[in-house]
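What follows is chain A paired twice: with chain B in the first complex and chain C in the second.
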Partner chain A sequence: MITDLKKENFDLKLRLYYLEDMMTKEVYQEKRANLEHKSIGTQTNNKPFESTPEAFGLASCFNKSSQYSIKNHSISLVVTALENITIDESCPSGTPFFFFFLLLLDKSLLFVMARWNWIASLLVLLFMSVYCDQQEKVEGFFSQSGHTNNWAVLVCTSRFWFNYRHVANTLSMYRTVKRLGIPDSNIILMLADDVSCNPRNKYPATVYNNANRLLDLYGDNVEVDYRGYEVTVENFIRMLTGRVSPDTPRSKRLLSDDRSNILVYMTGHGGDEFLKFQDAEEISAYDLADSFKQMSEKKRYNEILFMIDTCQANTMYSKINSTNILATGSSKLDESSYSHHTDYDIGVAVIDSFTYYNLEFLEKVDQTSDKTLQELFDTYDPVKIASHPGIRSDLFNRPLDKVKVTDFFGNVQNVELTKSRYPLLQDDQENVEEEEKETPVLNNYTSLTKPTSHLFDSFLVEKRSKSSAIIGIVVASIIGYVISTTLS
Partner chain B sequence: MSDDSKVTRKVVLAFWSVVLLGLPFWWKTTEVYRANLPFAEIDVWQTRQACDFVLPTQFTIYIPSTTSISDLSTSINQQLLNTFNSKFRDNFPIHVDVQQWNQDEQPEEKTAPIGNYFIYVSESDKVDIHVGNQRTSHIKIKDMTRITETLSTIIPPVYLGQYENLGNIACHIEKKDKNDVTSMRVLKYSSQYETTFSLMNNNPENKRIDWEIREAVHSYLTPFLKEVSAVSNFTIDSQIQNYAPLSLKPKYKEREGRPNYYYFEPQHLPHFVNSAEWNLASTITSYPSINFILYVPSQEESPLRIHDSKDQPLLTSAFLIPRWGGITIKNPPKTSEQEYRFTKKDLQPIMKIFISQLRSLIGIHDLETNIHKQLPSDYQVTFEPATKTGITVLEKDNLIRMRTLENVVNTISTLKSLAQLVDEIPNMVVQDHINSKVRQSLDTLTLASEALAKENYVEALQRSVQGIELAEKAFFDPTMVSMLYFPDEHKYAIYMPLFVPISVPLVMAFLKLVKQSKQQKLKKE
Partner chain C sequence: MTTLSKKSKLIYATAFVLRLAIFSFPSVTNTLAQRVELSTPVTSFKRLTEGVFLYSSNVPPYDGGVFHQSPLLLCLFSFVMTLPSFTIPLLFSTVDLLIAYALSTITQLKQQRDKSIKKLQVERDITPILPSTVAALYLFNPLTILSCVSRSTLLFTNLSIVLALLSALKGKSKPAMFWIALASYLSFYPTMLLPALLLNVYSVGSFAGWISVLFGFSRFFSGSWDFLNSTYGTIIFVTDLTPNVGMFWYFFIEIFDQFRSFFMVVFQFHTFIFTAPICIKLRNQPIFAITVLCGVMAIFKSYPSASDASLYLALVPIHDELFKLDCRYGFLISNLFLYASGLAPIFWHLWIYAGSGNANFFYAITLVYNLGQILLLTDIVYAFLRRQFDVENPNAIGKPVLHK
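Here is the complex of A and B:
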């Protein structure tokens, strides 16, 4: 805690010094002037996606419901209750009763809304009854995204000493991802150059991402899978699509399946729809989109978060067309991404702005945290980052405020409690063995499920037969009708 | 003049003939080699044939000799088919054969190929169903005159319960439910799995722990694996890790009159496995690995238990991570000895937990869950567990059927993706060995469906495994990487500096030639 404060203090002082230094220079004044011009210029109606509030995640996802119920608190309760239903797994038998309860609460003058509400609740119940049919009884802990394992592909594409910050970017993400639980066997780290053992490194065998040098990223326990000249476009595409040669070791393969969430982070020098690899070749946005499409065809991922920190980064994800991919980039077309600050002892810039601000948020996240990607994207400030970050979520199925950061950066696995042992006997124990099999308890679990603020539930899932759901619907509709007629 | 012009004409024509002769050569040699893939056949499989599978089942029902069996077989058959309410009725032909037996005798075990089941019926005062762990089961019914109705209510839930699922899988009618628990838990099919048993000792300073895992695996697990080897092979390794810390602290529960203990709640369990510090990854094989962990907490944190969602401690202290493996917590005995060794007998309850977890991970559908809701409440059903091997014959049959159909469907979808890929990227090289693998894969599919029709389930499974492996090898062949993005502008940019400087004088000369010959013709006329 204290070291964190010290770090922050030093960091702030350094930034202040840097800012004062820059303010006097013309370059900075020009940059600010450019930004101001751009912001005025983008106030037109046909603004590109990157500069709309949605790109920064500033607009709420539930704009549509605001027209119904901003004034009436109980209506908004019902609306949020409707939206909080998870139709997929938990089919508690208490939900019809929950709806009566809410309807009874709503004793206001807006009886028209009450009628709409019970019709909506009727439809939802019908929907639920169809879905809740053949479910096993399982007790445990499940996230709502449907993934069972996490992978991370972290790529630094530039070589040479002055690109120290790209290696530092990648190693910072590596450290974050490991800290939040993804094991080394599920991380593929590609570093195009070795800056820690570069003869120009004043602090050999270390890589720092901050001028205060409090945290060595290259300490022990770093496993680089593709190093130096092995980081090529061909190797990258082969690794993503799975078409590696048969003698590739396991640590260099991406062994994801249809329930893996993959974080793909790339950094380096880039431009309009291309990213430069090793100063010799380029990968284009089409190649990347193609690789993702092949992964999608072969069901090699559940969801992908594609993060890229280069100049004109947002163009790299513009050609992707497979579902369940969420992309974020550091700067838009014709805009460069800037480094954050320089360490004057090492002599080069040590971290990029976009990655710096991402890390600032991620350092506050730990394995058990509930923070969502929406919150991460809300912290993007184009003035601080000095470029316009973009977010592409049109291919992504879940709303961003329901996606946890640990869904991509961490490794929170689902859990099922084992309630019984299989009654095995050994030959000499046929008569002596006591029966230890505990039969699963089959009583009905009818308490209400409270709408939790967590994004996950530990709950008991029961099998619902169709008949009881239908009875529930019928009773719900009768009571709803009675209430609405008496209120009107 | 005309001589010169004739020579000029011949020279220009000579140049042009070289160009024209060379053009097809150039086109052919710069073409990307693409073997002929059987697109049409793949399409046919995709749209129709997978759904045309046939999984026959045969029941032999033994009626006590006191009742008559005249035309009982056809009536039971009819009634079964009527009650078997499924849209896949044609895919699951059921054949019923009725014979007589003496009610006082014991039902005898019979061996038969997969798909054959023997049901012994006797009379009693209440309905009791005892399903054995081999192919026979003993059903006691009340009223012999209503035997057909009773049997047709009993047989579908017990024997044919999974058929609806199988039909859905084969005909691609899958519920698109991402959060379905079963599909999340079951490992994807692989012909080989690597199982690792790990003993994690939190603090060896208090107690050094060892275990007789080799003997325990040999007596308890090997029979199970031998039975399942029809479907997949398993390699087993084990390890002991000392100083295996947890990443979070358990909570402390105080109870009056009973000893206090530490516990974890279900929402903390996802962080139990400390992947960063426990070395669980295998670097040996690329086959999927299943990890089973036996965790021994340190003296400061024992006894350690797991609470369920109702805040009751679990008897088994075990939990399963879908598609990954299982974890059991065993508290160290409170002796003051420095060493403790888990004997084979101590490991028996633990191996029982591991076997039940392994069963769910492989995809063995437990018949006992939900059976009570599908039968009338006064029917008693008992399933005899397989105490020697860990998997009953009925479960094994279901597993073989499910994996066969899954493999067939996955093979078809892989081949379809391959065909689509080759179609969409005209630049992609398709070599001959890929073509041969694809054709072999299609052949195995045909053989598999033929074997299914002939009730030869084991061969059908093997063929389906061959099919999926060939299809995967073809799809993931290293040569299937498309050439990098090569748009038309690049093509123009490459060829123009070569061809334009040559073609300009050629074209000009040709035009001049044509003009000259026209003038000459005019002159002549």
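Here is the complex of A and C:
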């Protein structure tokens, strides 16, 4: 049964709903009127239609809270139909052929195993009847979160030796994310300072996040994309929004698409709705919100997990207003975030408390685990962390106990294979010989599918009828007979 | 139809179980199906699966240039693949057992014939090889096991050849012609075995009849005459230059285009020309002729594989009287086979995966392998002819023969 499409396939339904509404002109003009009062970041008011949300069939996020009722019955029909589709493949049609074939085989083996024949064939038949009849069900046509690739943007914004722990935080997240499968090509690592080669580092060319120094984070395989003075607010926002100069190398670009889940992790020194970059400039919560808004409009992400470990971190995500963003911060307003412990040999703190407890959970996760974000967030203990971590999930559409940790921290692909073709159009319903319940709603569906049916012509391959199997049986039986006469 | 002795039942059962046991490791079978020594473009199981899928999706299977096997196999396997998935291991193991049984029957028939033929003095007291030993040598030959587990479709050609030989020895002309027609239809080269069989059962007409029936069925099944170009066209014109254990691919990669057709004619002609002298000289011993011709086929075919070798290596022990006396190069040949079998995968790995070798490595070891096979062929032919001479002239045994 394809279950929970109602809950999971938000995207398709959203598009369908708003596509319908786009067709009515007055609604469209009403939204156009709304837009002129806003200035979004550096965009001008005269933006072309293609960059408006309406071009993508989505309403602007700043709209009034008007409910768009379903005006066309057919949309609701589609939605209900998509919820009720089953694909099951049983092999009862193959079974009689196989029995016949086996009997045939018995005939030619007759002379070989004279006495064993019937016993052997009975055993094989029994074995087969147990083995046969495998119903294959498709568990969710669309992957649970709808993403096909993962990106990670890991930013350390602090300079100077005593901010060693921020570099260690970022490198720890880098290591976790790499371990769970995200390749370097999909990770943007921004480190504002190079503490491993700092003259004050007692253990040069290493970065540790623990006083026991068992794991060198700066070990074999670290690719830093933005380093030193390249970590600026402008570069960060340009990278997020994709508005980079043409000569930017590929490793410095965030080449995500609308099926990418992005983990954005930032750490450094921050305050009430700002984060300090390099001791010289700040990024504000509004800038961040605008960047995410641009990403949302440009369809550069499917879902974002924004994690920030600074003082008063929760204020940083308070201004975000785009959908499908989950945010978590280390401390609330007027509260500082603390480091976890100091390594007295190196002389500075080596890890922050919030990141430390996150890592404690993440170290038990591997690529195959099903742990959810809810479990991660449940381990947040304000007493241990010494600050109150916050979670903002109002913009996020999936329930947190259904979101896997590897949806953001890892690169686990969701591939579902089906043996038979998934029927996309009503025409398919007639061609495919399946025992679905024929929902009558689909008969009214043709009006909506006719204009787009030409797009699916390449998928309209008919399966060959059963006649070829009959020819196969006949040929096999002839050959079996000739074998037996030859060998006898 | 003779009942089997306990020993042969044990042999068959063990071989069957062994093959099924190896089939139960899908990683092994998949790796072997990709090995270039075992699967060629015209016998690969993966290509067969692709062709069956294309056919069942109403796409012409011969359009894409990936599927080069005959429509009869397409028909059979499009039926077999609708069955549960363990049918295929059963099918391939059963075909192997059938070949083994046919070989043992051929051995019995040969030994019955040989009772009435002159023999050497020393051979009178030696018991000839047991038929079950011949079957065991076929079934437990590592090349056979590997080719069965890699699901190479050449197994069906081998079955057809062996059954053709069996029918010809029994004197049944129609089944013999049917089987040789099927073998020639499935892969092109068994046509060269036809004259040797015709020495026993003369009915060219029925051969032509069966071939036309098969072609007609193929035309009906695949809907057009495209299959000719894809199956026989590939075999004859060597259009797919995937490396294999044969001689053709390397040569045809490096020659200039303007000489390509000349060399193609030369190579194919060279392969078929062996029929004539062998059938003339060995006209009274059809089994031996077929053995030698199978060997020639395995070496000089356009897409040989280890499955071809397994067939004639199974036919060779039938003539066990040759080994007792006159084989000169036994040690060398067995070493060449072992050496080539060991080094071929290594050089393939070095060439393709490690990148530190090149095609010459692999081709060189292929040449060593073919050298071993050729030495085997020449050795048994020498042994045969020497034995013939010794039987006719008993006073010449052990002495070198000088011709004036």
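Here is the rule we go by: the second predicted complex is superposed on the first by the 272 of 488 C-alpha atoms of A that agree within 3 Å, B and C clash if a C-alpha of one lies under 4 Å from a C-alpha of the other, contacts with A are read in each partner's own complex, and residues count from 1 in each chain.
We adopt the following convention: contacts are C-beta pairs under 8 Å (C-beta built on N, C-alpha and C of every residue); 3 or more make two chains touch, one makes a residue touch a chain.
Everything numeric here is computed off the predicted structure, so don't read it as measured data.
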Thinking of the overlay built on chain A, is A:Ile483 touched by chain B (first), by chain C (second), by both, or by neither? second
Once the shared chain is lined up, is A:Met173 touching chain B (first), chain C (second), both, or neither of them? neither
Give one of first, second, both or neither to describe whether A:Pro183 is in contact with chain B, with chain C, with both, or with none. first
Partner chain in contact with A:Ile471 - chain B first, chain C second, else both or neither: second
If you stack the two complexes on chain A, which partner ends up touching A:Ala327: first (chain B), second (chain C), both, or neither? neither
Among the partners chain B and chain C, which is in contact with a greater number of residues of chain A? B
Chain B and chain C footprints on chain A meet at residues 131, 461, 463
In the complex of these two chains, what residues of chain C are touching chain A? 1, 3-4, 9, 12, 55-59, 72, 75-80, 82-84, 86-87, 90, 94, 97-98, 101-102, 105, 163, 166-167, 172, 175, 178-179, 217, 221
Sites on chain A touched by chain C in the complex: 91, 93-94, 97-98, 101, 105, 108-109, 111-114, 128, 131-132, 461-464, 468-469, 471-473, 475-476, 479, 482-483, 485-488
Which positions of chain B touch chain A when the two form their complex? 177-182, 184-185, 188, 219-220, 247-248, 265-273, 275-276, 280-286, 306, 308-309, 314-316, 318-324, 326, 348-349, 351-353, 355-357, 359-360, 369-370, 372-373, 385, 387-388, 390, 414, 417, 420-421, 425, 475-478, 480-482, 484-485
Taking the touch rule as given, give the residues of chain A at its contact with chain B in the complex, in rising order. 86, 88-89, 131, 135-142, 144-146, 148-149, 178-179, 181-185, 233-234, 237-238, 241-246, 249-251, 253, 255, 257-259, 283-284, 286-287, 290, 294, 297-298, 302, 367-368, 411-426, 430, 436-438, 440, 442, 454, 456, 458-461, 463, 465
